[in-house]
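You will see two complexes here that share subunit A, one where it goes with subunit B and one where it goes with subunit C.
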Partner chain A sequence: MYELENINIEGQVVTFIPFGDIVGYLTPYTAILFIFAAVFTIIALISKPEKQVDIAFGGDAYYTKNVSVKQMRFQRFMAAACGLATMGGVLSGDVFNFTLFTAMVGITNIGIVASIKNRHILDNAYEYGILAMVGTLPLFAGAAIIVATTGTLSMWILFTPLVTVPLVAKLLLVIGVLAEGMAPVYVAKAEITRAPGAPFILMVHVSSLVLFLRVIEIVISM
Partner chain B sequence: MILSFTDDYSFGLLIGFVCILIAFFAMMKETDDLHRLLLTDVIEIIALVIIALIGTDLAEALILPGLVVGIAEILALAEIYIEKEGLVKTPENFLKIEIMDTAPGILSAIMLIYGVILSGFTGGAVAGLGLLFYFLCRGSQKKTQILETISGYAWVCWVVAFIVFMTIPQYWFFAVMLAGTGIFAKVAAKMTIVGTMRGNRDV
Partner chain C sequence: MILLYILFAVFAGLLFHGIHRKVIARIQTRPGPPIWQEILHVLKFSFKQTWIPKTASKILFMAIVAAVIAIWSGALYILISGGSLLIIFGVYLLHKITEHGLGLSSGSPYGKFGAIRSVISAASEIPLIASIAIIYLITGSLMISDITAYQASNGILLITAFPVAIAMYIIVLSKVPYSPFGIIEAKEIVSGNKTEHFGVWRAGLEVGFSIKTFVLLATFITLFIGAMPFWMLVLASLILLLTMSFVCAVTPMLSPYDAVTIQIAVIIIVIIYAGYLGVMG
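== the complex of A and B ==
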């Protein structure tokens, strides 16, 4: 019933989920991304938080960092939400829905990082958050220019050779995903990885990687 | 590509990009954390402007989620800012305004009467708001018991109305009135409880 015309990159549609006129779909390419995100979400859900050990210099003493149950619950919830948003972005067949899922990934990533009450980490989470907020501008602007020039947001139509999407819009979309998902990782990476709570921090990396692969697929197919 | 836009649209887009440049320049220059937070809101609004330039119903449908995302992010960032700067201060007493000593009696009486006239679900909400306002102003230590009683009677009214509906349907009008009164009292009681749970010992 629903078939992609351009199957050079991702192959033919394996399955689709119609929500009215917004039809989500999975191709072999996105199915792999979806399974990847799903596996890491389950890992984040079932695993216990890592407890770091700091060695005191010049002696045998060491001290462990404590992770409170409240903090663990919050981080786990955010990690699960992040995983779900990532899966939603992978599944989406509509450009604006994709941008919204990306923005949600940004918010949940802020949540994962900012749950640790440490001045340095909060400082970095703040920088992270500001970058993610600025990132919504190119993200939404890209989607808006796509709909203004082509009149549609549906990937089923945008992927056909009849429709040409302006390069500006594609660039803005990629920059948006970079700012929302990836760049913050590099802004605050050192502080984030030093923070306790290993399996949840992992979701930050997984979501940014998966979303980046997905946006590249969208932009090339358009 | 830009040429294929309609004239108004490309002009609007041009102005939008100028605004973006100004906002990003300000962002680059600013060093104070709080001001940078405010500037991100400016950038957020330009994003909405660019969506709004489409100028169709679809734009309206896209602005709403965009706005929600922006507000969610700015709330999250504000929380982080409060946390990292340690700006937490618990207020000593909530809402100490003079009007709250004088107005509640008459105002809640008016709302109660109007709620009775409206009846049903809406009336319950209006009357409940009136009672809520009264309890908010006068304190709610011992008055929750009365609400429980009212709530219980409301249940009884409702159940009796249902039994009447099932068994003697020819008295449907009586049952409707009874159920209407029941749901009115129920919603009013529920609305009154909203916001009164501040960790008092009897809650």
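== the complex of A and C ==
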């Protein structure tokens, strides 16, 4: 039986899944995040996209945007992969696995956005690609510093008072997650208003926020 | 038992919304609606003709209403059972996703702009989670039961961690109806992300939002004043809401730019306070 030493942050372990010496786990906190990510992944799998209404400026006309079946299939696949990576990140009991899943979320998020054949949106997807690529540096640097200073990446040990994780490693992890989960950057650009496919676009935000909430739990616990 | 609490939270939350509207109206020298108006609204919406817009992503359009009610019912359970504060503020951020999904699902441009504003404001609210880290630094725990026990022996956090209380006050204020930070429902975008949800969908949303209001107010009271009998918690929550009604009545709706700027200013205060706590040990 595995138990977290400090249960003052998120409560007792609800369940754990051992993969050899890597043991994933769920607490009440991460279980809620996991269920939330799972529900929205299922919604993305079974939903059809909305027909986005746009106003034609200079008149009283409006038109709706249709998402082609081909585009929908690709967005749906990327959204499902994004959801699985998010759930993996939430379930992870190992910092390196967490960073890998976070990097995968960054890649799938770019895929969701880049599937829309619109020059402005594709320009954006290119910029997110650069952002996510740059973000992997602090993300993996944080994990590297943790293993270099403590000798382990297992959260079961890192969450105990036996090891002290440097503040800089925690900061790098948070910065990496913010860069990979690009929702605040994406939404601040006008291009999101041009992007149809609500159930899939929403996965960009679900993954970003859920992984942010997970990394907050990790850095507070370490 | 938890079902009774949820039913009570729905009733109390809707009544709070009604009182909030009444107080704002009286301050602005208007008669205002009766305080039970929001309860009547929910009943009315529940029996109105309902359909799903042709342009909507149907499953997302419906599921998002259930998600709002589910996450806040869960948060209420955590609050009542003295669980982790981290979960409640996790739910607060997950609520951002439901707001966003709500606006995106219909295909309406008004809904979409409301949804975008929701995530823009999240970008400034996320760092307010630093407040939670400070509470952990002070009390050594994020379990609500431990935090109330800490206050019983060390004095209330409203005084000993005043800057954090201000930050949390802004968080709760940004979520009450007619808030100066309520940019997602500003009238220039009709009803923002709620524009296309009418009839029973709107009734469901109002139920979820009423639980949200009750949970956020009660969480603030529990965190910064401490444990108290349930009736007193409800009364204290109402008094807290009345202070917010005054703010809402005398403050115009901020522009998205100003709302985010003020929230960032609050974050800077919290970070300076965290630095002060760190230096003072």
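Keep in mind that, in the parts below, the second predicted complex is superposed on the first by the 208 of 222 C-alpha atoms of A that agree within 3 Å, B and C clash if a C-alpha of one lies under 4 Å from a C-alpha of the other, contacts with A are read in each partner's own complex, and residues count from 1 in each chain.
Operating definition for what follows: contacts are C-beta pairs under 8 Å (C-beta built on N, C-alpha and C of every residue); 3 or more make two chains touch, one makes a residue touch a chain.
On a predicted model such as this, the values are computed, not experimentally measured, just so you know.
Peer 1: Going by the contact rule set out at the top, does A:Met72 touch subunit B (first), subunit C (second), both, or neither?
Peer 2: Touch status of A:Met72: no partner.
Peer 1: Is A:His205 contacted by the first partner subunit B, the second partner subunit C, both or neither?
Peer 2: second
Peer 1: Touch test for A:Ile22: subunit B only (first), subunit C only (second), both, or neither?
Peer 2: Neither partner.
Peer 1: Tell me the contact category for A:Ala38 with respect to subunit B and subunit C: first, second, both or neither.
Peer 2: So A:Ala38 meets neither subunit B nor subunit C here.
Peer 1: Is A:Leu84 touching anything from subunit B or subunit C once the two structures are fitted on A? First, second, both or neither.
Peer 2: Neither partner.
Peer 1: Looking at A:Val168 after the superposition, I want to know if it touches subunit B, subunit C, both of them or none. Which is it: first, second, both, neither?
Peer 2: Touch partner of A:Val168: subunit B, not subunit C.
Peer 1: Find the residues of subunit A that appear in the contact set with subunit B and again in the contact set with subunit C.
Peer 2: No residue sits in both footprints.
Peer 1: Under the stated contact criterion, what part of subunit B meets subunit A in this complex?
Peer 2: Where subunit B meets subunit A, its residues are 1-2, 4-5, 9, 13, 16, 20, 24, 27, 33, 36-37, 40, 43-44, 46-48, 50-51, 53-54, 58-59, 62, 65-66, 69-70, 72-74, 76-77, 79-81, 83-84.
Peer 1: Would you pull the subunit C residues touching subunit A in the complex into a rising list?
Peer 2: 54-61, 63, 67, 71, 74, 78, 83-84, 86-87, 90-91, 93-94, 96-97, 100-101, 104-109, 112-113, 116, 119-120, 122-123, 126, 129, 132-133, 136, 140-143, 146
Peer 1: Within their complex, state which residues of subunit A touch subunit B.
Peer 2: Residue list for subunit A touching subunit B: 96, 100, 103-104, 106-107, 110-111, 114, 117, 119, 122-123, 125-126, 129-130, 132-134, 136-137, 139-141, 143-145, 147-149, 153, 166-168.
Peer 1: Show which residues of subunit A lie in contact with subunit C when the two form their complex.
Peer 2: 7-11, 28-29, 32-33, 36, 39-40, 43, 46-55, 64, 183-184, 187-188, 192-193, 198-199, 201-202, 205-206, 209-210, 212-213, 216-217, 220
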